[in-house]
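The letters A, B, C and D name the chains in turn, as written, and every chain counts its residues from 1.
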Amino acid sequence: MCGIFGVHGDDKAAALAQLGLFALQHRGQESAGIVAVNGAEATSIRRMGLVSEAIDATELEALHGNIAIGHTRYSTAGSSTLENAQPVFVHLKVGHVALAHNGNLTNADVIRDGLEASGSIFGSTMDSEVIVHQLAKATPGKPEEMLAEALRGFEGSYSIIVTIGRTLLAARDPRGWRPLVMGQRDGATVFASETCALDIVGARFVRDVEPGEIIAVDEHGMRSIKPFTVAPQNRCVFEYVYFARPDSTIFGGSVDRARRALGRALAKEAPAPGADLVFAVPDSSNAAALGYAEESGLRLEHALIRNHYIGRTFIQPTQEGRTSKVRVKYNPVREVLQGQSVVMIDDSIVRGTTTRGLVALVRAAGAREVHMRVASPPITGPCYYGIDIPSKRELIAASQTVPEIAKTIGVDSLAYLSLDSMLASMPNGPEGFCHACFSGKYPVQPPRGFEESRAGRDE
Amino acid sequence: MCGIFGVHGDDKAAALAQLGLFALQHRGQESAGIVAVNGAEATSIRRMGLVSEAIDATELEALHGNIAIGHTRYSTAGSSTLENAQPVFVHLKVGHVALAHNGNLTNADVIRDGLEASGSIFGSTMDSEVIVHQLAKATPGKPEEMLAEALRGFEGSYSIIVTIGRTLLAARDPRGWRPLVMGQRDGATVFASETCALDIVGARFVRDVEPGEIIAVDEHGMRSIKPFTVAPQNRCVFEYVYFARPDSTIFGGSVDRARRALGRALAKEAPAPGADLVFAVPDSSNAAALGYAEESGLRLEHALIRNHYIGRTFIQPTQEGRTSKVRVKYNPVREVLQGQSVVMIDDSIVRGTTTRGLVALVRAAGAREVHMRVASPPITGPCYYGIDIPSKRELIAASQTVPEIAKTIGVDSLAYLSLDSMLASMPNGPEGFCHACFSGKYPVQPPRGFEESRAGRDE
Amino acid sequence: MCGIFGVHGDDKAAALAQLGLFALQHRGQESAGIVAVNGAEATSIRRMGLVSEAIDATELEALHGNIAIGHTRYSTAGSSTLENAQPVFVHLKVGHVALAHNGNLTNADVIRDGLEASGSIFGSTMDSEVIVHQLAKATPGKPEEMLAEALRGFEGSYSIIVTIGRTLLAARDPRGWRPLVMGQRDGATVFASETCALDIVGARFVRDVEPGEIIAVDEHGMRSIKPFTVAPQNRCVFEYVYFARPDSTIFGGSVDRARRALGRALAKEAPAPGADLVFAVPDSSNAAALGYAEESGLRLEHALIRNHYIGRTFIQPTQEGRTSKVRVKYNPVREVLQGQSVVMIDDSIVRGTTTRGLVALVRAAGAREVHMRVASPPITGPCYYGIDIPSKRELIAASQTVPEIAKTIGVDSLAYLSLDSMLASMPNGPEGFCHACFSGKYPVQPPRGFEESRAGRDE
Amino acid sequence: MCGIFGVHGDDKAAALAQLGLFALQHRGQESAGIVAVNGAEATSIRRMGLVSEAIDATELEALHGNIAIGHTRYSTAGSSTLENAQPVFVHLKVGHVALAHNGNLTNADVIRDGLEASGSIFGSTMDSEVIVHQLAKATPGKPEEMLAEALRGFEGSYSIIVTIGRTLLAARDPRGWRPLVMGQRDGATVFASETCALDIVGARFVRDVEPGEIIAVDEHGMRSIKPFTVAPQNRCVFEYVYFARPDSTIFGGSVDRARRALGRALAKEAPAPGADLVFAVPDSSNAAALGYAEESGLRLEHALIRNHYIGRTFIQPTQEGRTSKVRVKYNPVREVLQGQSVVMIDDSIVRGTTTRGLVALVRAAGAREVHMRVASPPITGPCYYGIDIPSKRELIAASQTVPEIAKTIGVDSLAYLSLDSMLASMPNGPEGFCHACFSGKYPVQPPRGFEESRAGRDE
């Protein structure tokens, strides 16, 4: 998963991009980068780390120009290198080209093989670079038409923000897998993965970039084309469940409202009679827990405090269980939990190891009974379209039944939200979503050898 | 304000200290340091920055020994230098001495003048260093008696953790201003500012270090002395209101319970009839908002999302109001606020600038009415005892009445909790607190020229 | 100018490459890089700065494999970026390819234009990258044949060391512009720009890579091909005059011997009757000064001490002349110079500014007369074949006669060595050299717009 | 050994100090520091590393004021920490005090014990800090008199540059062990260890600070006092032999002239009949080799090339002898050495390991016979007065006879200069030198436990 941002028409474009990336940091923390376009010149910063580490204030001031795009990259195993940091930034015969991509091109390897066979050279292992190579081979013309030509053969998901010379472009794949929004701020046009990045720069939300749409902005104004065949919608339901920020609006609906609805549906479908209180695993489940409390009438409590200061590495001094990673990140509030029968709400369970650690913490703090309620269905398969869900063998729900999971994580009861209820809770109705990781219904062929290569990492 | 931690009796003492400092990071983010004692040897790390930045994993492994103390320092203007990072670490004729201090010695400058006049040399501008100089002049004897002799002349607040040779000591001033707790973990003894730092290392809370008590731990066991005249208690009420972590127990009471009680009292004393919902300024006011919601029956909402990724510096690209610091740190949830009459809960108001910015954000997100409720009284004076409350001229409530403040911050109504209600909400009754910043009743003379020097900074 | 190094057949290949680069540091100080090949895997380090700054010991240990190549890059204006650091390192369909280049391809821009027009993407502004693109398009086959095919259209100078999959290759352009030597060390084969890099790894010099030769080394042994039409030799005379290290053997002759011969020839051609002593501008002129002293019978002195500790940046505190860059780098020995008539030897004069500063220092230290003798002819034109000689308008001898230069630099007399004498001093006779920068006889067409673009930088 | 520098009366004092430290870098490469005094304010930079690494340009610009002192520190085992970096910088009741020290106080530990017993606290393990403590206890008065009082009890060597408030002071111990010179530059007064640091800032040499003299400079002018009993001179002969830069004048004589005289005396006392040529171990022996060549009539050659780019750490890839540290630092010129009988000149031999490595290199490069000539006597004892000569057990001449050393280092013949000839070569006659490391005649008692503690390091 990644966060993307672009702005056209502000003299401080790069500084706005930095702000936008701060707001999109939750979508990727491995690397960050900004490319600014100043007439025929273009400059870039790309570094490993958080935006606050990667984007130096002095360097940022040197990124001149009224167009800028930015990218935050999620850490995915095996490819965590500076070469793979984005935006991709090259010089083509049509001028400088920069590209920031959120998504996963499922047939990128096939196209890449063809390009390599005809002598193209790749500097990274990213599928995103393949788009740029196709762009290099596109018929010279209007930037949006060149981009349409370059994108034509790709399958899978892409929300992209691109600069070709002095034109800023935003495009979304025909199935609309990943979100992409457009805003205005005085004379400037802003594109971003989520509306929270419009808010931070003081831009007003205008509309979504539509599935299959390419929007181009330059000094002559804005142009929109829809060059691709209409396809069924496959918006990622997991964006609403976990990934996006609660203060964002994506796919035309509020993330906070979606999560509140999930929590309420969960309370209806899986009540916890006899429980004393309900609490969230902070912060991603806060809204769902609030919904659960409202619907169930149970008392809401803050029973787990999350430490936001933990760096990405710390020495684990002694044996697991004592000072595990979970304990370093979360601390239970003993006075809240002591002697209580509690409902613990999480948005989802992936491997189950964190959940198991949390349950142990909660019990050690005195909880009498722990009833786990999950605001989405069991995750049974990986995602091939841009979210870093681990391979099948790491997913607890791929190999264990719900009662087995309950035993593994050590709870008194466990219930997941059903697929139907999840979809029914979505802001604009249950249609048009990809829920493959929950349902196994993959709308587009996985990339060649995808699961195998990930499984290989487990040995 | 600072966080302090000490452990005796664990071979991984320094690694435990690092964990403890992670849990105490909220008490100080300017610098961090650890000193480890290994027999007659002692080694240290001290750096500017967060624990995750200051304490390098490789260096940490080189801190051998079964005794360690650590310190996180709060950024106070004018003295943010490495020289002032703690623990203070020196070699005296009795061996290595390290000291971590939380508090403020109000007569340190007088004692320092005397020491300098007789030829002592100071390496920092910290009052804490004066204790070490007094220790250097103490009559050789048992470590706890030397420490008692060194501390005798000091006024003001101190919770300290000290190593003298191979002995670990913890001491708290007779008025008990700052918290200090003791825990056990297998054979090891742990001291920390708050219990959340016991939790993170898996230590069991035993009891508070008592006001006026000095506890010494060495290979022969534990010894406690109470060498000072009994004084009235002056526990800092602001620790409960704002400073400590909600998952901590300090002064014998739960911080979470205290804040919930403050919220409930606030709802009784200052209801908001006609309001649609209540929300917290996250994260420090979460518990008070929950209390307010419970008591008032108003719907609790998460209306502000806080961004934890913002680095300590970012370039402010354009004019205030658009992309202010407040907007970068907080984002309102439009769907929650749109058209609503809202109650915004904060634990306290200091300068009023952040509050003003938040109110503007909340209104811009569509709130119809904003009713501000503050879970403590107006802050009218600085703190001379260890909390970095700014000088009088920066405190909004020092020069404005409540109606004036309401106007300044732009709310429809504003109410603070009364002093009596605040004290009545404290876990073990209203007695024995310092509330000088709220009430102006300073139990101990301020340090010479304190306010003047701070006022000087304003010009 | 750059330094290149390669080794095949040693398990510590990357560590040997680091040593080799230490010895070739004088050929390039802008950036350094190493690529190591371990079977089908390959890893790299590339950074700005000196080898000691760029190649971290811990990272170096992670460069596994028994093949490694390295590169030190000279700082040339306008392109000092990490993207331009070498070795070029990409993945092609034939496997990993790494390339280290010393030289200048005079028609690279023409070939690059063609490649870009057909959709190739370049990640750097280096001519060296064009070779890799041609390699990507070469007919699959033996690595040496693919390299031959890739190199076929290029004009200009190249000594290159390349890895294609598990094969190490070394190649030199048909005119033999830049040096390239081969050595042996137990079972390992070593290639390097100069023999001093063989010495530092304990390798025995075997022979030069011959002009127009491609040598391939893999697990089956060594193969040599000469795929190009024989061309007249154009070995760079400036390598002997200034660039190479005196302890190296290049083009089949000792650099030290060459410089001694230049000094002796200079003494014959341009004696300084009446002078008291002779001294070198250290360190590059030491050998020439020794030759001049031997031939002339004048007393050799060390009159200038060079400071090797000066970092690349220092603040210039006051007005020029007082603490100029020259003064920071060199200090005269007053006791040697006081009242003397001196002969100052330098290998060459480029802009004349350093020389002028040195003459002023020498006079200020008491020299009565300063007779400048230069061990090469006046430099009147830029180099298009790999040495960073500035544009014509910056070359003092391009616009001033020898008497004018003497006046400009402030000497009592000035003499250069003649072109014929310089060539006659070369180890293996005067034939087969490029001396275009001295004579204006450019054996190969300059690249399109070369001088213009450089001239443009002056405005 | 250390380098010290001070300037009074220039608005760019800190920038001049940086230049001065560049020129004194050879006297200490472990750490560097500058303190600048601006009226009642004073600021400092101190870091580990070379001047170019330790003194950042931006930070330097923040060191305001017209007084500055600087220090470069030599790496001595066991105490290489930032705490020990100089200048010592503290605030006393008389104002800011900064001190830069070159030398060794042989009774510092005794005085320190007394100070610690009376409650003083030390922040470093340096003897230099003891002076500051004594200064803190001195009777308030004129700065020079306070400094005299502070210095009164000390034995051993000290050349110091000090600031007390707004006064710059320079002092040299009564025996004059270490050099210290004074210069003028417009209205500014400059003090430095050697004249090369006057040269680099464009200051004119005025005179030595005399043994036992204290010079004070402030806005009222310059004052000199000689408060100590006259003592016999003990100028360090090793400064002339090895330590000082050849372009410096110290102790009233030229270092270059001294070394030339040593070389000539060596040629007379220890000729090498039948040898073909003579060469130096660069760079410290260049002048002695020149002297030897002049006197002997042997041909001078540059047979060893020194690499100045080697960083302080490099991975040693394989077995000793192949790629030893010596080989990385020096490379022989084969064409010079092949088949020759050579005289190799070094200024001194300490452990013998480098010499042994060099002899092996020279032989491997083809030398037929190697005759080693050393321009000073055998070093048989450590230095207690400020030079980091290793402990007795590491000194090759402390346990081996000259014939044994010849065998150990592998030469055909070996001769050292005699003590008498060395002293006779000194610029102003043989009297008034300390030559304890050569002769064993220690003029002042070694510090308590000195040799033992160093010997302890060997186990």
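Operating definition for what follows: a contact is a pair of C-beta atoms (placed from the backbone, for glycine too) under 8 Å apart; a residue touches a chain by one contact, two chains touch by 3 or more.
If you're wondering where the values come from, they're calculated on a predicted model, not measured in any experiment.
Asker: Chains shared as neighbours by chain A and chain B?
Answerer: Chains touching both chain A and chain B: none.
Asker: Name the pair in B-D, A-C or A-B that forms the same interface as C-D; by residue number, over half of the contact pairs must coincide.
Answerer: Of the listed pairs B-D, A-C or A-B, the one copying the C-D interface is A-B.
Asker: Give the label of the chain whose average Cα location is farthest from that of chain C.
Answerer: Taking each chain's C-alpha mean as its centre, the farthest from chain C is B.
Asker: Calculate how many whole Å lie between the centre of chain A and the centre of chain C, each centre taken as the average of the chain's C-alpha atoms.
Answerer: Centre-to-centre distance between chain A and chain C: 50 Å.
Asker: Once you find the CA centre of chain A and the CA centre of chain D, what distance in Å lies between them?
Answerer: Roughly 61 Å separates the two chain centres.
Asker: Mind pulling the residue numbers of chain A that touch at least two other chains?
Answerer: none
Asker: Tell me, which pairs of chains are in touch?
Answerer: The list of touching pairs comes to A-B, A-C, B-D, C-D.
Asker: Touching chain D in the complex: which residues of chain B?
Answerer: 90-93, 113, 116-123, 132-133, 136-137
Asker: Considering only the defined contacts, which chain A positions touch chain B in the complex?
Answerer: Residues 12, 15-16, 18-19, 22-23, 25-26, 29, 50-53, 57, 60-61, 196, 199-202, 245-247, 249, 254, 256-257, 286-287, 290, 294, 299-302, 305, 307-315, 317-318, 322-323, 327-328, 331-336.
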